[in-house]
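Should a chain be cited, it is by its letter among A, B, C, D, E and F, assigned in written order, with residues numbered from 1 in that chain.
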Amino acid sequence: MKGVQFLVAFVVLALASSLASASDPSPLQDFCVAIEDYKNGVFVNGKFCKDPKLATPNDFFFSGLDIPRNTSNPVGSTVTPVNVAQIAGLNTLGVSLVRIDYAPYGQNAPHTHPRASEILFVQEGTLYVGFEKTDAVAFAGLSSQNPGVITIANAVFGSDPAINPDFLARAFQLDLNVVKSLQEKFWWDSN
Amino acid sequence: MKGVQFLVAFVVLALASSLASASDPSPLQDFCVAIEDYKNGVFVNGKFCKDPKLATPNDFFFSGLDIPRNTSNPVGSTVTPVNVAQIAGLNTLGVSLVRIDYAPYGQNAPHTHPRASEILFVQEGTLYVGFEKTDAVAFAGLSSQNPGVITIANAVFGSDPAINPDFLARAFQLDLNVVKSLQEKFWWDSN
Amino acid sequence: MKGVQFLVAFVVLALASSLASASDPSPLQDFCVAIEDYKNGVFVNGKFCKDPKLATPNDFFFSGLDIPRNTSNPVGSTVTPVNVAQIAGLNTLGVSLVRIDYAPYGQNAPHTHPRASEILFVQEGTLYVGFEKTDAVAFAGLSSQNPGVITIANAVFGSDPAINPDFLARAFQLDLNVVKSLQEKFWWDSN
Amino acid sequence: MKGVQFLVAFVVLALASSLASASDPSPLQDFCVAIEDYKNGVFVNGKFCKDPKLATPNDFFFSGLDIPRNTSNPVGSTVTPVNVAQIAGLNTLGVSLVRIDYAPYGQNAPHTHPRASEILFVQEGTLYVGFEKTDAVAFAGLSSQNPGVITIANAVFGSDPAINPDFLARAFQLDLNVVKSLQEKFWWDSN
Amino acid sequence: MKGVQFLVAFVVLALASSLASASDPSPLQDFCVAIEDYKNGVFVNGKFCKDPKLATPNDFFFSGLDIPRNTSNPVGSTVTPVNVAQIAGLNTLGVSLVRIDYAPYGQNAPHTHPRASEILFVQEGTLYVGFEKTDAVAFAGLSSQNPGVITIANAVFGSDPAINPDFLARAFQLDLNVVKSLQEKFWWDSN
Amino acid sequence: MKGVQFLVAFVVLALASSLASASDPSPLQDFCVAIEDYKNGVFVNGKFCKDPKLATPNDFFFSGLDIPRNTSNPVGSTVTPVNVAQIAGLNTLGVSLVRIDYAPYGQNAPHTHPRASEILFVQEGTLYVGFEKTDAVAFAGLSSQNPGVITIANAVFGSDPAINPDFLARAFQLDLNVVKSLQEKFWWDSN
């Protein structure tokens, strides 16, 4: 029974291309394990790499995706990214994934990925394209080592420095006081 | 004086890569002038092309960008796109442009281009990164033959079919009635 | 207990770039849902698309990934691909996934993906980089709508028409009779 | 009258793909503002980037495009490029632009862009595809952060060290003395 | 002696990136053998493909590159291209080659490839970067299925319809009569 | 006679896309001549470049391809690569080549190029798609500055550390002793 209960619906959703479509540049060598900028705050497109002869299995490994995440936050969901920041070996490979935990009625706030397409599957629970009725867990594959995320409400109302509220009131056809109130709230990043 | 008045500031703004970053596939021949789907509603990625021997100068030409646009609409701006839909010869070339007319205090509503970077320059007037004090005209070059546009307010509150208002109320931390009122308004597409 | 037992290890493995590295061409429109070649055995790079106005949610959906697969075959594993052949809406999006079921001691035979990078995570069981001790289920995200697969043993010994056995005997430093015997066996495709 | 006079023809010309077709690699992060090679004359494909936390609005801004350029030179035109050399924030974004001022009968000498497509529009004057009758100003968007330029006459007759004049005489079917005379002239770079 | 004489210098020259730099879109399937436009003069970016089940070895084969070419023409060289037009199976593979035969003192006229990089090696003879003292044969690999070619002298002086000779006289700082005389000559395409 | 004998068959073979399909990122400048990692074992995707003002003709040149190679080794063939490791100027250009010498009945062991397509031509001898009857020499153009190579037998049986022989016995349906014997042999890298 547990298996059935746990795996009510493996739903696979491919987000429309209008939401994400860039493709990472291709690799030019077998190993290019990312290292942090090693000096003076200098960066490159993507990441500097360590000596390939020093690559280890751990550079291609990440554990702990089995641990359920705490979803008690305003949107009722938590995103656990696994991209080049978590697995240095993903550098130049053009692929990453995320785990998403949903509380009942939780949601993954409207967002876009500026540098990736996404394919989502629901491991547990039923996902109404972003709206949950039970606890749920989903995983998503993304076509970039660093897909990025623009959580729309956060980008619009939580930007720092703040966008002129008169501008937002007109753009969203909202009362100015509603805009100001929204700008005082706290917003979370998600995938 | 007119020149000065008309050309107060040629401001060039490159939007951050988080807003747009895909690159079109490269061309595989000299001419691939787009034609509409010629039969049965069948399409390809990009466009079918006409016989290159039949390409004409008009396939690479568009006129009328000099005519000021009417900006009397809720956001006070009008976008005139010039992409593969207007110039069939742009097919496979990975470049397009737009003209944007602003009324005083007009705005180009918050949006993203899912398939292009953008470089903007202000020909006339002063543009406060989306907020106008005078009539203004700007032009933008985009790195796709079909950059697409997601006008955020329209995509969120004006989608058809409508998104569940309970979902939006939570996502944007808005009162449910405010959401329902927003969903009843009319929204415009822009670039 | 069940959760722990079922999710012993969420192992994430990024395959080295030497195994897969191409990136799909970027999309040039919002929707390009694949249709089969509609006439005369004519194809394009990727797929023809249906009229975007006729796209439906089902074009972006696939169910049944929750059903455990039969793993009683010579290699003790079964791969369930979910790519553009299963979800037509993946066309031009550059992403896909697979489910892999392993019997105890089953294996996913050595293979390469000529058109994709891969990121693998183990939902259930413990995966020793291709060698299983218990039933296990893993999922993998791939950076192509059609990653392809070259199962090495199958490509080498099961090709049709057969490769000259003298050639293979020398290439693999095997006895000619061993090669001939291998060529008589049956081989399975996997992801 | 001024408006009409100034904006006689907004002509948009897309150059054929045979003249320019490469596409820049996609970005792998939100900000990668170019910095000059910081040490020892070492470079990367594209540019090194500064710490994204230190990016400022000025990194995405360039002014002065409103100032008419001096066109008293042999070809009667002046090109003002605005690419990654002028706007460091364009690094990894795959887009740039140029302003072109033409004297009456001025011309933008025959050239190709080895790394970009180009879309040109005429703000003022009438442009006969490279041949002017009045003062004119045009702007062009280009699909690379660094489109490059090969001004053909300059590359052929002005190269340093000089190409063997016998070779050029045969290649262009010119009298040897004409070639030698051309090689003594001075040539200008343009966009 | 013959071997030495025939193989005086295997010279490998990589042309500078300023001359050619685009990369073809990646393949999305195993086989996409080009077929000619099958109906109504309709084309796609690249080529339509035949049913992959009907691919034959001949689709990937071309013979006759061993036959020396006739080099008695004004530039003293002949280019034999082997691209997607000669080998249909090259479609989507992003690679091609050419054979170049040089008469003594022959030359391959100045040209650019708008869609490819090139790597050249001299099989026989001595090649002074385009200028020959003996019979010579060279081969070049190119990074496109259809690299294209712009033979500069031909494009400038042999275009049809002709470019205004006043424009060319100024662009190349030539006497008007020299330009007119050049425009009356006949020019050949090369690789 | 020599010419005929030496050039029995110029056979051109395009390997199927299933064997190789990635495309290198495009260049972003005219010269990016590779230099070795200059400090601390730090690398980038591709190579660091030297100051373009210091580029010399030698950066684009490689000699010695005319010298026949010794083919007395277990597979009876020798591959001489000419890629970015041999010609630093190939960096960012996306093209390389190899010379392959075959002893009679020699072979180029089954392999794939994870980052390149390949186009092969036979200069001398007759090549039965990998199986030789006479001395032969072939050249191949590849669509990457660093195509990489996975020699299958070597990767499978000669990996260090060794793959579990039980796993290989099952994967290749070989007797365990045969696998262990294969793992004790020595394998060579080729292109």
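Worth a mention:
In the analysis below, contacts are C-beta pairs under 8 Å (C-beta built on N, C-alpha and C of every residue); 3 or more make two chains touch, one makes a residue touch a chain.
If you want to know which protein each chain is, UniProt gives these names: A, B, C, D, E, F = Cupin type-1 domain-containing protein.
The shown structure was predicted, so the numbers you read here are calculated from the model rather than taken from an experiment.
Looking at subunit C and subunit D, the chains that touch each of them are A, B, E, F. In this assembly, C is the chain whose CA centroid lies farthest from the centroid of subunit D. For the pair subunit A and subunit F, the distance between mean C-alpha positions equals 39 Å.
Inter-chain centre distance (subunit B to subunit F, centres taken as mean C-alpha positions): 46 Å. Contact with two or more other chains is made by residues 17-18, 21-27, 29-30, 32, 44, 46, 92, 114-115, 148 of subunit D. Interchain contacts give a graph that is no line, ring or star and is not complete, per the touch definition above.
Contact between chains, using the touch rule, shows up for A-B, A-C, A-D, A-F, B-C, B-D, B-E, C-E, C-F, D-E, D-F, E-F. Considering their complex, residues 2-3, 6-18, 21-27, 29-32, 60-66, 82, 87, 89-90, 92-97, 116-119, 121, 123, 139-143 of subunit A touch subunit C.
Against subunit B, the residues of subunit C that register as touching in their complex are 25-30, 32, 35, 38, 44, 46, 48-52, 54, 91-92. By the touch criterion stated above, subunit B contacts subunit C in their complex at residues 22-25, 37, 40-47, 114-115, 144-146, 148.
Subunit E contributes residues 17-23, 74-76, 107, 109-110, 112, 114-115, 130-131, 148, 150, 152-153, 156-157, 164, 166-167, 170-175, 178, 182, 185 to its touches with subunit D in the complex.
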